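The first chain written gets the first letter, and so on, giving A, B and C; residue counts start at 1 in each chain.
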Amino acid sequence: MFPKNAWYVACTPDEIAGKPLGRRICNEAIVFFRGPEGRVAALEDFCPHRGAPLSLGRVCEGKLVCGYHGLEMGCDGKTVAMPGQRVRGFPAIRSYPVVERYGFIWVWPGDAALADPATIHHLPWAEDPAWAHGGGLYHIACDYRLMVDNLMDLTHETYVHANSIGQKEIDEAPVATRVEGDHVITSRFMNGIMAPPFWQMALRGNGLPDDQPVDRWQICHFTPPSHVMIEVGVALAGRGGYDADPSVKASSIVVDFITPETETSIWYFWGMARNFQAHDQALTDKIREGQGKIFAEDLQMLEQQQKNLLAWPDRPLLKLNIDAGGVQSRKVIDRLLAAERGAVAVEMTP
Amino acid sequence: MFPKNAWYVACTPDEIAGKPLGRRICNEAIVFFRGPEGRVAALEDFCPHRGAPLSLGRVCEGKLVCGYHGLEMGCDGKTVAMPGQRVRGFPAIRSYPVVERYGFIWVWPGDAALADPATIHHLPWAEDPAWAHGGGLYHIACDYRLMVDNLMDLTHETYVHANSIGQKEIDEAPVATRVEGDHVITSRFMNGIMAPPFWQMALRGNGLPDDQPVDRWQICHFTPPSHVMIEVGVALAGRGGYDADPSVKASSIVVDFITPETETSIWYFWGMARNFQAHDQALTDKIREGQGKIFAEDLQMLEQQQKNLLAWPDRPLLKLNIDAGGVQSRKVIDRLLAAERGAVAVEMTP
Amino acid sequence: MFPKNAWYVACTPDEIAGKPLGRRICNEAIVFFRGPEGRVAALEDFCPHRGAPLSLGRVCEGKLVCGYHGLEMGCDGKTVAMPGQRVRGFPAIRSYPVVERYGFIWVWPGDAALADPATIHHLPWAEDPAWAHGGGLYHIACDYRLMVDNLMDLTHETYVHANSIGQKEIDEAPVATRVEGDHVITSRFMNGIMAPPFWQMALRGNGLPDDQPVDRWQICHFTPPSHVMIEVGVALAGRGGYDADPSVKASSIVVDFITPETETSIWYFWGMARNFQAHDQALTDKIREGQGKIFAEDLQMLEQQQKNLLAWPDRPLLKLNIDAGGVQSRKVIDRLLAAERGAVAVEMTP
């Protein structure tokens, strides 16, 4: 159960460099490739000739050439040519709205008539040279909403990430959740604490002492369909916290695009955008490596949680104050799902 | 189809040393850990907060701390504490009767009200310093009854274990099976034969010659739900066989606890208890290593037999005299299953 | 859906040298072994005693001895002996008609009463010392008909085998398909082209120049149930092509026996028979190695195509002129399937 009329991150440009990429998104088998002038295209991964996956082929002069018998497919899902054949009557395959923006390839797996690129999640930092971004991709066998829950309740850091970003004070600080339309915000402020190892590294990376008390914050933003941006940071204690001058803080945005593959698996694009030492590529690499290790700690927990929930499908879960971020996010998702069902119902009414 | 109102071996103490253990027993997902004062506890492996497996957590001061968000679970399935939460209203999870005895952890996966520790299989040798025991654990993808059949008919030794404990004379000696209540005994005596390699090693280990004729015996004892203890040994020929003086024989008990995981997989706890050279740890290790190799020879056969039976579910099998031990053991199991179904039927009658 | 009243290649003699072989053919679990005087036998892979696979046993004096409890099975599916048992009343297991011929073991998985060894596919080259043959076996997860399609339309060579036997001229040359009873022939002739790498090697192997224009041919022969023999070769250009004198050409027969394992998997026996330098074993090995690499290139495509077709079961495929060979072959197969269904219907009519 995922909204299909939405923009999801499908892949990153390096994944379609010089070759097509086959990837299942929201249960749709899609092939991504660069068409004429490098524009991204997204099609059903099914050759109309004999059903071979087009993603096993190659890109030639902006056309996707089937690797089995050489059918040449255009970006619109219509066959352009095939050796020795007249292709005009060939059935078209479905094409998906797709946009390259902010360093990601975005796809709309639902009704193409409703796809408006203006509604793609806005990432101002992605176009600002004062910011740097690094990230990666994990495949995880869980419902995408379990990852939304995970990211909208960071108390898990104390337990899952005990040696990097977790610390006891997270548990002890109250969390506040509010909803603004389809936007869910959950925030936590911890003042006058010692920074955990990951943030000590970031402080040093920004030329700040790592052995003094800091004010720490976490502000999680859910927006549909399943994006979670988390403002995180530490400032030297008593200097304004979240609002402190950039010279006395290290802050960044944890970037999470959670793209459903199937009902119980996701493509998880994780990353971190920061606006300090933006041109220090070695720091970007170091942060990415550190974040990659930390975020890998969630995999086993989420996959085993998923298995438990599948084994006990009717068992109610608790909804505590710390869960409010996830609970509210699911309400937004449920509204979108109901709206999609309503739209379909209307369409089917004579 | 396994009796659930029964004591099964769940694990050994080393498996829960310092950390919880998640293990499926009779289709129940259970977490085992040591609570206050080291007493063993067994609970549903499901955190009441968000459904994470508690076995991914850690044990802290006798409580099981969920590795996701820090819920602290007590041995009775009631939440003790959770950071920042009042836990009084949290739903309890199921706890299972569990007992540590004879060097094993025993669990009762059925109706807790019927669990009586006095009915745990009695192992007198386990508390006798004149005896030593060594063993291991195999996971095998077969119905537990196929392993009961295997152990109650040792003619398979001639074929599956041809190079260690098998010998032609096993086939040639008649087997006798008798039933005493829920206890099935099948026995075979082979007099004046040469010992096979495993028993030659045991004779040498006991300071006896390995090149003289021996009298050999195998007495298999099935008791519910699925335990098989096998008295095995050799004595110098003509000195009384099974009843011979300990100074002229090498004998031991093959210890088999067959614990169903699912309908078609088992946890197989195998071992050997002996009352000669009991303090010789090197001999214990050597026997365990030898037994481990021999018992591993059964795995492929049992798993492939299981696959064949699943593919041909309605095909009748033969019940020969050599199969009487397994056949009678299954009758005992069937009686227990019928009794459990009857008890449920009575409970459901208004 | 495969014809069962047909001779399929089951294995090669080396696969049953000194031990039985368990192999599923047309959904039948069969054990192959050499009985008295080395004659091949094929039986259900199911011991009538306790259902163990007989293929885990061993062959002893022409009998198949079950590896579990020593039941001795004869070539006719009747138990010959078992230690300590009278076996006369043991139920027989099914035996399958089986013939060793042309260096292959052929099995008839259907109605034994209809099996006539005279209808085994005739391989004249296999008995002619002027010819040499080398080949191998691949297991592929696809419907056998996808492999028939593959082999009856060699335009795929241009794309799947671009670096070995593929070349642009294949696409450009028209293909002709004709049907003679149950025999489908599809042929392509390319004159005055440069030989691709594999054929350059073959020319050199036959003492011919590899840098001159050649006439190339491909003549694919489908015969039921699913055999495809392909006459392939090159001759120095203008010397008669297919009919040129052997001294100016290199030609061979691609040998393909496609044996269904299940509805969606096959045992693919591939090979090449040639009538030049027949006694050069090093050349045979070199060709087999080259062919093995080339034919392995088809695996991924066929398995992924199969997955796509399973995911989109109702989606129509195109039937172009290049597909005529596969389309006509499937018509032959459909006729055989209908005939088998009809025969069953007649049998069931009172």
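Just so it is clear, a contact is a pair of C-beta atoms (placed from the backbone, for glycine too) under 8 Å apart; a residue touches a chain by one contact, two chains touch by 3 or more.
No experiment lies behind these values; they were computed from the predicted model shown.
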{"item": "Interface numbering overlap (same over half, different under half) for subunit B and subunit C", "value": "different"}
{"item": "Fitted rotation between subunit A and its twin subunit B in degrees, CA, nearest 5", "value": "120"}
{"item": "Centre distance in Å when subunit B and subunit C are each reduced to the mean of their C-alpha atoms", "value": "48"}
{"item": "In subunit C, residues with contacts to at least two other chains", "value": "none"}
{"item": "Touching residues on subunit A, where the partner in the complex is subunit B", "value": "149, 153, 155-156, 158-160, 171-172, 174, 300-301, 304-305, 307-309, 311-312, 315-318, 320-323"}
{"item": "Interfacial residue positions of subunit A with respect to subunit C in the complex", "value": "29, 45-46, 48-53, 56-57, 65-70, 82-85, 90-91"}
